[in-house]
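Can you keep this structure in mind? I'll have questions shortly.
Labels run A, B, C and D following the written order; every chain starts at residue 1.
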Amino acid sequence: MDYEVAVARELDGLRIPAKGEYSEVARQQRLGFLREKSGLALEGVGSCSYTPEALKNNIESLVGTVEVPLAVVGPVRVKGVHVDDTVYVPCATTEGALVASLNRGATALFRAGGVTAWAVSQRVLRAPYFEFFDLSAAQRFCQWVGDNEAEVRNRVLRASDHAELLSLEPVVIGRCVHLTFEYRSGDASGQNMVTACTWSACNWIREALALSGDMPLADFAIEAGLSGDKRVTGQTFTRGRGTRVTAECVLPADVVRDVLKVEPSALVHYFHQLSASESAAGSVGCCLNIANPIAAVFVATGQDIACVHESSAGVFYLELQQDGNIYASITLPCLVVGTVGGGTGVPQQRECLQLMGCAGSGKAMRFAECIAACCMGLELSTMSAVASDQFAQAHERMGRNRPA
Amino acid sequence: MDYEVAVARELDGLRIPAKGEYSEVARQQRLGFLREKSGLALEGVGSCSYTPEALKNNIESLVGTVEVPLAVVGPVRVKGVHVDDTVYVPCATTEGALVASLNRGATALFRAGGVTAWAVSQRVLRAPYFEFFDLSAAQRFCQWVGDNEAEVRNRVLRASDHAELLSLEPVVIGRCVHLTFEYRSGDASGQNMVTACTWSACNWIREALALSGDMPLADFAIEAGLSGDKRVTGQTFTRGRGTRVTAECVLPADVVRDVLKVEPSALVHYFHQLSASESAAGSVGCCLNIANPIAAVFVATGQDIACVHESSAGVFYLELQQDGNIYASITLPCLVVGTVGGGTGVPQQRECLQLMGCAGSGKAMRFAECIAACCMGLELSTMSAVASDQFAQAHERMGRNRPA
Amino acid sequence: MDYEVAVARELDGLRIPAKGEYSEVARQQRLGFLREKSGLALEGVGSCSYTPEALKNNIESLVGTVEVPLAVVGPVRVKGVHVDDTVYVPCATTEGALVASLNRGATALFRAGGVTAWAVSQRVLRAPYFEFFDLSAAQRFCQWVGDNEAEVRNRVLRASDHAELLSLEPVVIGRCVHLTFEYRSGDASGQNMVTACTWSACNWIREALALSGDMPLADFAIEAGLSGDKRVTGQTFTRGRGTRVTAECVLPADVVRDVLKVEPSALVHYFHQLSASESAAGSVGCCLNIANPIAAVFVATGQDIACVHESSAGVFYLELQQDGNIYASITLPCLVVGTVGGGTGVPQQRECLQLMGCAGSGKAMRFAECIAACCMGLELSTMSAVASDQFAQAHERMGRNRPA
Amino acid sequence: MDYEVAVARELDGLRIPAKGEYSEVARQQRLGFLREKSGLALEGVGSCSYTPEALKNNIESLVGTVEVPLAVVGPVRVKGVHVDDTVYVPCATTEGALVASLNRGATALFRAGGVTAWAVSQRVLRAPYFEFFDLSAAQRFCQWVGDNEAEVRNRVLRASDHAELLSLEPVVIGRCVHLTFEYRSGDASGQNMVTACTWSACNWIREALALSGDMPLADFAIEAGLSGDKRVTGQTFTRGRGTRVTAECVLPADVVRDVLKVEPSALVHYFHQLSASESAAGSVGCCLNIANPIAAVFVATGQDIACVHESSAGVFYLELQQDGNIYASITLPCLVVGTVGGGTGVPQQRECLQLMGCAGSGKAMRFAECIAACCMGLELSTMSAVASDQFAQAHERMGRNRPA
């Protein structure tokens, strides 16, 4: 026990101060502590243009900010179902060549008449599990859920004005029943919203089970492996998570040659080799580098950056038409984005959303369509660079400070 | 043609000015253009504490910066192979509750005596493909590569002082040979470095093939599907990409109860249910939410944020020991990180690396071990919250501005 | 052309005779041809206890049969939702040790009081694609499908008395709409049945599209990648294909020790290591060797043996209970089986189904539950052998003719 | 206890007699028992042309055989690295239309001049795990393995004349080290062989660890999740298991039209849609139905039928050449086959191997190349049927006894 006391005491001396406080004073206390511990001035990250109190729901123990370089890609012409506009897309990155390549792709797409996009659907899962003492009780519970779905929906309704329960499906794994609540979460990415709604419904279910006595619960948790939150899974990729968006463009042969500097047939041939080798690599999806614009836009616009993980799997497609032009499509089945809530209200991130015309309610589908357009542009630009053997040279030119 | 001329003219009027220029004047021109187009003041993102010229290799067409809120998690005690220290870890995020949960995990680990970590290995692939006119030539080429490996290695050596070629393996898909160059890239994440080295080697190979006349090339590209760059693939996840790091900790039962507020047996039981349901979901790896700290640290420290995609798949493991304590391990097979090159030299990002004692040469393995420790802490904290049914409440409390 | 004529002539001389004929005479002609070409007597495979005419729907160009050694495993006690019986399970195999291990597992399960099983659901997909000339037409088609679902269902109804259309869902990939028809196929495995139904519905859809003129079809096919037939896919594994069945058993500690020759804690510990390493291997599902009984029963009972491919992915689960006993469950989400149609009517295969009490209508769910019980038994037996370090010895003993 | 005694007694009465005996008498006893229990005559499966004693290493508790209908597909022209021949391929199946489609594919390939095939490599893994008490010991063990690899190889050599150890690689998951032994197993599929070799090596390792005292073992097992035996995993699919074989063919346009009844451009277009939708389905590999010939040949030739599971994932590829002809390739990375050992010595199965010229030593690579040719033929035939909208009709015609 002496050891534990000593450790606890040591820990006290190492703790960053002002836990739980949201003020400039608290922030300066933390900064001072870290400066002393590290001997660093921390001048850059120590400066902060935000009011600590305003970030109460975005971060705990604020110390400052890190400035990520920002460029704006565009014009991006998007003729979507939820947008028909010329858009400028803010991208935050520190990777040389990315913005240049995004711009090249956007130019090709603009000259091709723009990208047609469609945010097809939106859904977020939360999948609590109910463990029973045997399979027979699990079976009765599945029946019970079917019989009581109306009341479950009722509880969800009471918990949120924005979440819409699309379906409720039990998945049985032995005596555990994972109950997948599938929601539409409107313009929020929705992870927190659907947690609250599901929890409310589950509380009612648990009360009802306790009353019935027929199916005693052995264990319960609001979340296990079937929600797909922050994970790349076969289920998420095939069923969708967040916004499913698809986009297409027909690129005239001369645009491909002039802007993308590649023969159309060479570009499509490369895509076919890429596709076969992605399959051989066991790739989830078939894209070359859509994680790049997704990450850059997510950072700029206050998205949950961790969702770059599951959002960056998609299906790209190229076809050489008989007229010599190229048909391109891209499908992103799990683009987890929102235009309200989370980091979208942080001032600079909000500016970025505003610049895209994507801030606030009613904008999430437009936002998804714009991102799909950027992804298509980058795929085309990068594939063209690779297919025409300019990729290595371009990186040589634009990413010079690497220690090669 | 008239239509195309009109489109080209329209595009000219919509282009963001000062392409290819790296100066404050150019930046202001772009800002001015965007302000006019959007009618927005762009005061937040328009301010920028960096010198545009200094970001030449990190971004094109700089417009400003976006400030991402920063907290520092710690103390994190890491007893790794490449670090034995108490570390403070900067995390950039806009997601409420994340930093609090990371700190709770770090506290538990500290009180348990710290995390033992081992960055086992590091590797980056680049896999150009060589397409021949038939399988027979592909077969001869595979033989040829075996016979000429020494010279290929020689070309790689000339192209970089930092890249080390670990292996060279042909993968045959019909008449295409994908030649996987596997490198150790030192302290850089290495994508650009290995592109340069591979390109140099491939140029020599192509010259040699042209001279021999025996195996005429039908097509070539520096990169197809087998490199795994910016993609989650079965190959990358099982073979590794970037740094492979594993970490462990034994958590005394009372630490689990006091800090994580859960019974050890309940936590481990939950993990087992999670594990089964991750398997049922077809998850790549078995973790709950390591994408969170990976994204937060990547943004803070100038990593390639798009690599959150492939880096966030890992294997978490919990075991209830006979003495009632918990053994925990985490294995991250594809953590793509660097401490030199890319965004690691941007001033504020460099401050963050310095705060962790991870800036510059010789620090990448230490950096990876620290990240693994943070991931373990968050997994423990989140799983404990879920297993003890506090997760929904905690989010209710800390993520209040969502539109629920 | 001369070359082609020569090849065609050569081909004529090499063709196996009596194409398209179903008779003993035809069979003997083929046999004679092969004997002459090969110089082999083909006495074994040349003998055949079936009437060629009776195999008209099972094979073309019948030459004979191959006898696969058959054992019967049991007694297997299954207390399922669709079976409460002691069953003997015919297994066809040439792999030494398999039947012995299956029997050991069955004994353990019998002594534990039997296996509780539940065939939860059954579904087969067929997913034709409709390609349009642009995304906008694809979007209109999705709307049209929603508006005309009743008539589509009507066409399905007319095509089969057994297939039941559970859902109809469009999946959009660019301008292609893959229309997933999800059926319950009763006691048939159903691949052919749902092909016929879907084709009938699609013919009507195509006529309707031709009449409307509004959404001209660019291309159509009855099947592309989304049906999952004969393929392991993330979609199939998570959504299910064929019968989804789950089973459980509580094994008393002394049964584990006496029959499986392993300490319960050692067995469960091994399972946890297996589970973590399956995850690290990127395994689809988490089982050790269920492909073995699935293959052996499929061959014995006239199932489509190729479906061993997608059927053999499942989720096994073990838990050490506080009372020292072991809880085991197994979940097979895509067990493609039938008790009518296909090879189930071939005389000897039918005998095998009869022996299990699984021949004919109304038996498919019972059949699935029995297979799940066998899978659980083998998993337990093999894992026990491995966990107690007897696996290598057992194989040494029972698989002696290998060239080691 | 009374209950357990009663269960044990009940079990005794239900046991199939003559356990462990290999004789006709024993077989008849079992048959008699099953006839009595079931009331069935079991005339078909009860007859058996094999001598029970001769099947000692292939099956326990033999009861009889099940006859699977056999056809022979061919001529199949294979110009492989290990075969340059016209081959007749025995296929055992009960699925109508399969043999007809295989023959159509073989005809197309013959008229195209045959299939070029290359069995590139062969490897089988066995991956025992060594669990230590902490990560530090695991690290020392990895070092120790590197230092003692020569002696480990020595132990493998002593255990088998046929297995060749290709590589030895530790995979660290926390404090567990999974040691992947990668072998070439010659003409045997090799699962048992490599178990014996690995076990022998591990016994030596364990003795050495016990002597050193420095790295006490907490647990050991000969097999956990990293071997890929009987499982579809990302590791197996990308690294290979069994034989990796690739094959190609150029199909003249008129052969495609005459034999496959489809326009070349329509066939290739279909393949591209298939490829995109396989990717969207999260498919392991990109083939339509290679599990069919693999299963049919495996049953006919005494392969381990359970290996249909992992063997049936591959990468098919089609390309429309500028001359209007079609280039086709297929790559099977994990075809688990053998021509000695296991069921390959059972008389009728051996006849089938002999008919292919694939019986005995030195034939496994030839065998793999022949199978790849059949897979290519069926893919072409089925895809052509689907692409030209004849698939549903063909099944209507040839699979008539289904209960549609």
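The definition used in the following text is that contacts are C-beta pairs under 8 Å (C-beta built on N, C-alpha and C of every residue); 3 or more make two chains touch, one makes a residue touch a chain.
The shown structure was predicted, so the numbers you read here are calculated from the model rather than taken from an experiment.
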* Asked: What chains touch chain A and also chain D?
  -> B, C
* To do: State the superposition rotation angle between the two copies chain A and chain B, fitting on C-alpha atoms only and giving a multiple of 5 degrees from 0 to 180.
  => 180
* Decide which interface, B-D or C-D, involves more C-beta pairs in contact, and give its chain pair. => C-D
* Going by the average position of its CA atoms, which chain sits the greatest distance from chain C? -> B
* Asked: Centre to centre, by mean C-alpha position, how many angstrom separate chain C and chain D?
  -> 16
* At what distance in angstrom does the C-alpha mean of chain C lie from that of chain B? -> 40
* **Mean-CA-position distance for chain D and chain B (Å)** => 36
* Residue numbers in chain C touching 2 or more other chains? -> 173-174, 233-235, 237-238, 269, 275-276, 278-286, 315, 317, 331
* Structure fact -> Seen from chain D, its contact residues with chain A in the complex are 234, 237-238, 269, 272, 275-276, 278-286, 315, 317, 319, 331, 333
* **List of chain A residues in touch with chain C within their complex** => 81, 116-118, 120, 134-136, 139, 142, 172-175, 233-235, 237-239, 244, 246-248, 282, 284, 315, 317, 327, 329-331
